[in-house]
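A single structure is presented below for examination.
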Amino acid sequence: MKIIGQHIKNIPWEEKPVHSDQVIWRYSKNPIIPRDLLKTSNSIFNSAVVPFKDGFAGVFRCDNKARQMKIHRGFSKDGINWTIDEKSIQFIAHDENTLATSDYQYDPRVVEIDGRFFIQWCNGYHGPTIGLGYTDDFESFYQMENAFLPFNRNGVLFPRKINNHYVMLSRPSDTGHTAFGDIFLSQSKDLIYWGKHRFVLGVAPFEQSAWQTLKIGAGPAPIETTEGWLLFYHGVLRSCNGYHYSMGVALLDLEDPSKVVARSKDYLLAPATSYELMGDVANVIFPCAALADAKTGKIAIYYGAADTVTGMAFTTIEKLIPWLMSNNLLDEQ
Amino acid sequence: MKIIGQHIKNIPWEEKPVHSDQVIWRYSKNPIIPRDLLKTSNSIFNSAVVPFKDGFAGVFRCDNKARQMKIHRGFSKDGINWTIDEKSIQFIAHDENTLATSDYQYDPRVVEIDGRFFIQWCNGYHGPTIGLGYTDDFESFYQMENAFLPFNRNGVLFPRKINNHYVMLSRPSDTGHTAFGDIFLSQSKDLIYWGKHRFVLGVAPFEQSAWQTLKIGAGPAPIETTEGWLLFYHGVLRSCNGYHYSMGVALLDLEDPSKVVARSKDYLLAPATSYELMGDVANVIFPCAALADAKTGKIAIYYGAADTVTGMAFTTIEKLIPWLMSNNLLDEQ
Amino acid sequence: MKIIGQHIKNIPWEEKPVHSDQVIWRYSKNPIIPRDLLKTSNSIFNSAVVPFKDGFAGVFRCDNKARQMKIHRGFSKDGINWTIDEKSIQFIAHDENTLATSDYQYDPRVVEIDGRFFIQWCNGYHGPTIGLGYTDDFESFYQMENAFLPFNRNGVLFPRKINNHYVMLSRPSDTGHTAFGDIFLSQSKDLIYWGKHRFVLGVAPFEQSAWQTLKIGAGPAPIETTEGWLLFYHGVLRSCNGYHYSMGVALLDLEDPSKVVARSKDYLLAPATSYELMGDVANVIFPCAALADAKTGKIAIYYGAADTVTGMAFTTIEKLIPWLMSNNLLDEQ
Amino acid sequence: MKIIGQHIKNIPWEEKPVHSDQVIWRYSKNPIIPRDLLKTSNSIFNSAVVPFKDGFAGVFRCDNKARQMKIHRGFSKDGINWTIDEKSIQFIAHDENTLATSDYQYDPRVVEIDGRFFIQWCNGYHGPTIGLGYTDDFESFYQMENAFLPFNRNGVLFPRKINNHYVMLSRPSDTGHTAFGDIFLSQSKDLIYWGKHRFVLGVAPFEQSAWQTLKIGAGPAPIETTEGWLLFYHGVLRSCNGYHYSMGVALLDLEDPSKVVARSKDYLLAPATSYELMGDVANVIFPCAALADAKTGKIAIYYGAADTVTGMAFTTIEKLIPWLMSNNLLDEQ
Amino acid sequence: MKIIGQHIKNIPWEEKPVHSDQVIWRYSKNPIIPRDLLKTSNSIFNSAVVPFKDGFAGVFRCDNKARQMKIHRGFSKDGINWTIDEKSIQFIAHDENTLATSDYQYDPRVVEIDGRFFIQWCNGYHGPTIGLGYTDDFESFYQMENAFLPFNRNGVLFPRKINNHYVMLSRPSDTGHTAFGDIFLSQSKDLIYWGKHRFVLGVAPFEQSAWQTLKIGAGPAPIETTEGWLLFYHGVLRSCNGYHYSMGVALLDLEDPSKVVARSKDYLLAPATSYELMGDVANVIFPCAALADAKTGKIAIYYGAADTVTGMAFTTIEKLIPWLMSNNLLDEQ
Amino acid sequence: MKIIGQHIKNIPWEEKPVHSDQVIWRYSKNPIIPRDLLKTSNSIFNSAVVPFKDGFAGVFRCDNKARQMKIHRGFSKDGINWTIDEKSIQFIAHDENTLATSDYQYDPRVVEIDGRFFIQWCNGYHGPTIGLGYTDDFESFYQMENAFLPFNRNGVLFPRKINNHYVMLSRPSDTGHTAFGDIFLSQSKDLIYWGKHRFVLGVAPFEQSAWQTLKIGAGPAPIETTEGWLLFYHGVLRSCNGYHYSMGVALLDLEDPSKVVARSKDYLLAPATSYELMGDVANVIFPCAALADAKTGKIAIYYGAADTVTGMAFTTIEKLIPWLMSNNLLDEQ
């Protein structure tokens, strides 16, 4: 039961509170990024972080005071205290045939594949779809073709090719506050043309696991483990007062990630603190990044809280996998 | 102006704050039951309490972390500090022809009739309907036939037969977050077959009493008084941000409880504290139980707050009835 | 494979057209009742017919030009040409405790049980519910208690007691143009108090039988056959232009009619003629009555067309049962 | 760059916090009016204030505990601490042909024109429309004809005639929680008959300024400045959890106020404090009044917070106008 | 019981069919105007007609094949056979301050007041509102100020001043397929500034008169009679398949037309012929014009059928008024 | 002004009626395929036709009486009289990694590319998406990978590669009766992996061309002409009674078909005959196939009528292109 990947020696970390019996715990100094960290920001949340050089780099969703959604670069020594650029990332077209325009950019993910950092985000091109770009140095950023037709959100690349294909999860959507949503997988040989789409994970029956009954969407890039690809994801329940976002976790087959090995019946984390229960959109926990240390099994998750600020939560692979296996929704079906 | 019924000598109680001029007041240590009292609970609210032996017993709505809705048994010496079973109540079929299955169980009420404790709840049987069960000892619980066809919620039994009939209030509903709802009454000779349904209480005109314009539903079992059956109920207003639940009170005729004697134009209690304004469903006060002491006229009400925790509020029959009579919506109609 | 019941020697009948290969066929002179048969009628449809004396009697839904929905008495020698009263039926309260008021009355069914003719209809009492009445002579009509709480439609009694209980099918609904609906069964010893409710028949999966995916509802009183209770029912599909009503058929277990023996995957009859495709509500076939001759196996069905006029269709038990058995939706599930 | 108008020597004021770099800042003791200032009040918000004698007078929206919406008179020495009448304003009919009835009264504005104080509010007359009244002394209040047909809200008079016409802004609406809304202007010679309606300000494109994409509405009476009429207004964004109200500002042409000179792309103030994020309607900032001192350029704004309490914010004309000019949405269009 | 007004000696007319017992009867050669009378027309309906010179003139709603809604001039000798201009009416601004632009123009009415022909229509100015124009000769057409703010439809002027005011009926609406709507009245001294708005006629209770429960709107200009102003209007019922439009009639007080003298409980005419039941919008009868001959009491009504073609129907004042009086919805209320 | 492509000597054809002045005309014997051509069919419509051998082959949408949507093979000598298989097409998986399953199959298009016949249809795979298959002989049919993720409809391949890419139009959708929809283009080198998605054609402004304001979708495979790719498409208007489908036409740039050369402001054909105005979904004209004869310029269009039957209409390239150029919506924008 191990994480397969790099050793992140300075992974941000806080031990589990003594009194807690939960498999995951919030950082005691949450939120780590306040809504007004930037002079122009209305909110900073749903953001992506990767190890970079001797610290960390990130791509942050910063909504400005016109409520425009843009993604910004940031750096941190410790993964907790961040410096974020006031100006949003300006992408350069990947090649002469590529569009590099966006009506908006939000909910970025970042994953390193073979030394190059790929950014996926919700990109405004006649509707929301999956934007794709890359940087080698967090200085120059290149925008590739959109992966899919609109309407899509929550595009998440796996951190390596599988069977000679790049693999991307996504959540086909509609034009508005989509009231449905399952996770699909698509494959590509070149990150430009995509096909061989497969259904991966759908919403759960209300009677079995109500927090993930309206829609679900992949969170951070899947983490490779000896047990399968570890996928944190968000699930949504519709109450009489709107949408309610929680976080769960699944394991996908290493060789064929369209096969689901396990999936949490209980949520891992649901809104319960004031910064999760109050904000621009109350009752939202939305994970977009995770750092996983192969040596110690530590996992640090970054999540947007109430669509307003950014929080962190911690777990370990040794705690998480057994919890998932004993809490597997597939066992009921 | 008296409560007709038992003397509850250890009724939970806190005196009215000196500065308050309200007819009802919250317990200063609310919420009495936090959302995570159980290891597995997401929230504990909308629950029922009765005097039992030298203390109190209760049936609690405990949503677990899969957001499944189940009802659990609990005990308390003082009515405030509760021990609740981690495991939900397992009902035994009442007789061989009875179904004892439920997709979900929520919003329980408990009432003692002739020494037997009857439990009513919202029971999932191809949609929400009124589940009915009983226990004599809070050890063995028996499930009877559902009282009605779906779709129904907020079934509430009177604490004694009236004109040789058991009488139950209920609120016919639909399959979702029902956007309408009036209180009806049904009668039965055996708690199995029900009929002689009568309209009791409908929503109020917006111009007269807006907090109860979308839907209303009975709360605790009606309390017998010299003035009539005292019925606490919830009322709902739809704002641009969703449903808003407050508590009111009505008096029904002792002999024919389909006749309404009085009904509060003002609400008794509306969301105003942080545990009522924040939570899984913000802005909810939902009463499901009340203890009434015939000797002193004290009334202690248990209510779900924000669909997350359980709170208490206090009043007395001497304060309540005159307030209701001078604040009677029927006087305007 | 026989009908169990009376011989109706003058059952209205027309032979199957030579060229047809269908199991059911329309009457060539449809509609048998035009919308303006009454001086005051806007439309006459969704009506009930029974053998009576040496001819037939019926209870007809006649919407007047104020579009008020009322039920009227009618007589016919041949079951095809009808004389309908201009004035709607005036019910007398069954006993002193019974309400005999209705905001509206529609979609009647009539069934003879032990020589008494029972009428069930959609009755307006603070919303639609199942009205119940009877006549012994089609002269005096008595209204009993509503069978259920609102909101309910399509209440249909079985033509005899089963296991000492009267049995009624119904379709719980909501306050408007209900967008859901399954068929349930309820039981009563006295036609006043009802209980022991069971789920019978739900909507079908879209991929398997789309015409019955939105809602379904019982049609004429079930016909007793050697194979089980034969139940004609309507099913609804929602197109981008509204609801589309077709007719299907099911077989229920004779002893326990909550058990479904077979159910048609194909519809029996769907809107295809101009009087079904045009009218107050286009695209509606809604059966409410059937005459079944035990001797010949002939079945004559009365249905409302386009919520405007009344049509007839014919089949025989020998044709229908094998068709149903080879077209059984349960075989796929 | 000056305010044209009176000198308000005792304008309520608090200096900008040292650390702030914003153009507007909240009063540190917000909310200035709690929800329960009146014995009968559920909430006090969206209210109007004017200089009066040596202090200030106001007309306050006080929703009572029946959630009826009424407007009440109040006085204050300092503009911050208010005494509000328990009883709502009783209007006298302006002349014998005028109706002085209202199903409800909410969101008042007050403006002094030629020594008379005119009150505009949302008036219930077969739906919401713009009520109009006046007082000369804050003792006797007279109700004039409703300015417009229903359905309308946010009627706001300019503080003087323009080209011999009284000019009123309004926001045509529908019967419910209107999901659209632009600002129009109407003209009158006598405050009774209105015409020459012109479109002024519409919602913004989502990609450019999302906080004002669903609907907008005028706030306090426009403030005359050397640069044009300064108009604070609210803008609404629809999230998956409901409506979200922020405040912006525009400049209208002095001679033809249907011409927009500038309009803020960023919001000025959006919900961020607990009294704005929690309450009867979470996430609402709704300005209805402003005091502007011509001598110092100080502007004090009163706004409803979360439809529950009243807060204040401050700015100066010297800070505001340059900010607006460099943040002008029109520059993008 | 007489029409007050002009003698139209060549009023189009067809006697009542011998077999009919209805108060109103359709023209046997309906539709009089087919959808493709113009080379460019998709449909011609909801149109206005007046006596002009020795024949008739009209303003017709002609939707072209781009489905743009425009109004066109037409002439007829007999009121039945029409010549309509291929080109739509081009309005000239009434004075220099008037806007003469329209995004669309539909559902015109025409009324002669003091020798000038006033045209009212639904005019697109940032939403639908009431456009107002005039012609003296049906050669030059002038557009005045819109009467009201958006959103409004079905503006209908009375044929003379009442108490020194021009009086217009209208039906405040919303931005789309408005699902509500009552008739109000507004007054003006100059046809430019409007005020003194009064509620006239609302939708009816479903139980009493369902065809007019969703919305209603004035039809032709009111006809002056000795009994009051005779107003034909349309009423709408919502079925599960959309809106259903019928025609009714009311009598308003001659001196104060906001007072309703009588109102038909039954509809006068509802969709029943193929040209009313099939078309661009099935099930629509929408009257916009009527010719009334004071000498004979004959009334000829023009109505749009199925939003596609134009039909006519006939009645007489002597038949209509008694029918209305014995069918008065007010008698029930 | 010529069609580029094959000579279809036996193209089905009927000359334009003498009296008509329209650019397109219906076949006088429409519908050519009745709803019950198959014993099991409920309806046959929205179908595809190509020249094959010395006659024609087709793929037909046949909804059966369970209202399951399947595609069937058919042959015809003359393109008008068709023989259609009772059994639906059984696809063979294209290769071992391909899924060949479908919950449903509808609205097929067929296009010949380099001698192979490619079929595109709306394929049910966890929602509607674009299914892709081929046949070389209309005997064996092979199913390839779905082109896109759900939710998509109206996938239409160009009849040859453009710049070395296969090019497909499609209309991204949602899960239900999608209320939006623009036409996009995607490119592929191998018909398996798709990318380089471009926006092509969006809905039109209501004021300019209302028939195509809700959604639009490509119809038959584009026809190559000297002026560009000729694309017939459907456009939808939402009335108060549902969706209304008409047909229009556009010209796309030959080299870069994401560039629109012209687009019809008027519709070409809109529902006007009884078989278009009545049926399972009234008011639908939905083109899915066209035969174009390069020699004569004749074009024969097949369209689904009222989602029930199949009709034909005719035009010529010489008539159509000038009409389009003088009726070009782009000229207004």
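Observations
Should a chain be cited, it is by its letter among A, B, C, D, E and F, assigned in written order, with residues numbered from 1 in that chain.
The rule we apply is simple: a residue touches a chain if its C-beta (ideal position, glycine included) is under 8 Å from a C-beta of that chain, and two chains touch if they have at least 3 such contacts.
For each chain, UniProt lists the protein as follows: A, B, C, D, E, F = Glycoside hydrolase family 130 protein.
Predicted, not measured: the structure shown is a model, and the values here were computed from it.
When the C-beta contacts at D-E and at C-F are tallied, the pair with the greater total is D-E. On a Cα centroid basis, the chain most remote from subunit F in this structure is B. Spacing of subunit A relative to subunit E, judged by their CA centroids, is 59 angstrom. In whole angstrom, the spacing between the mean C-alpha positions of subunit B and subunit C is 40.
In subunit B, the residues that reach two or more other chains under the touch definition are 241-242, 274, 278, 282-283. Within the complex formed with subunit E, the subunit F residues making contact are 21, 207-211, 237-242, 244, 265-267, 270-272, 274, 277-278, 282-283.
The part of subunit F that touches subunit C in the complex is made up of residues 35, 39-40, 42, 64-69, 103-104, 124, 177, 241-243, 274, 278-283, 307. On the side of subunit E, the complex with subunit D involves touching residues 97, 125-127, 129, 145-152, 170, 172, 174-175, 178, 180, 182, 184, 186-189, 192-197, 199, 202.
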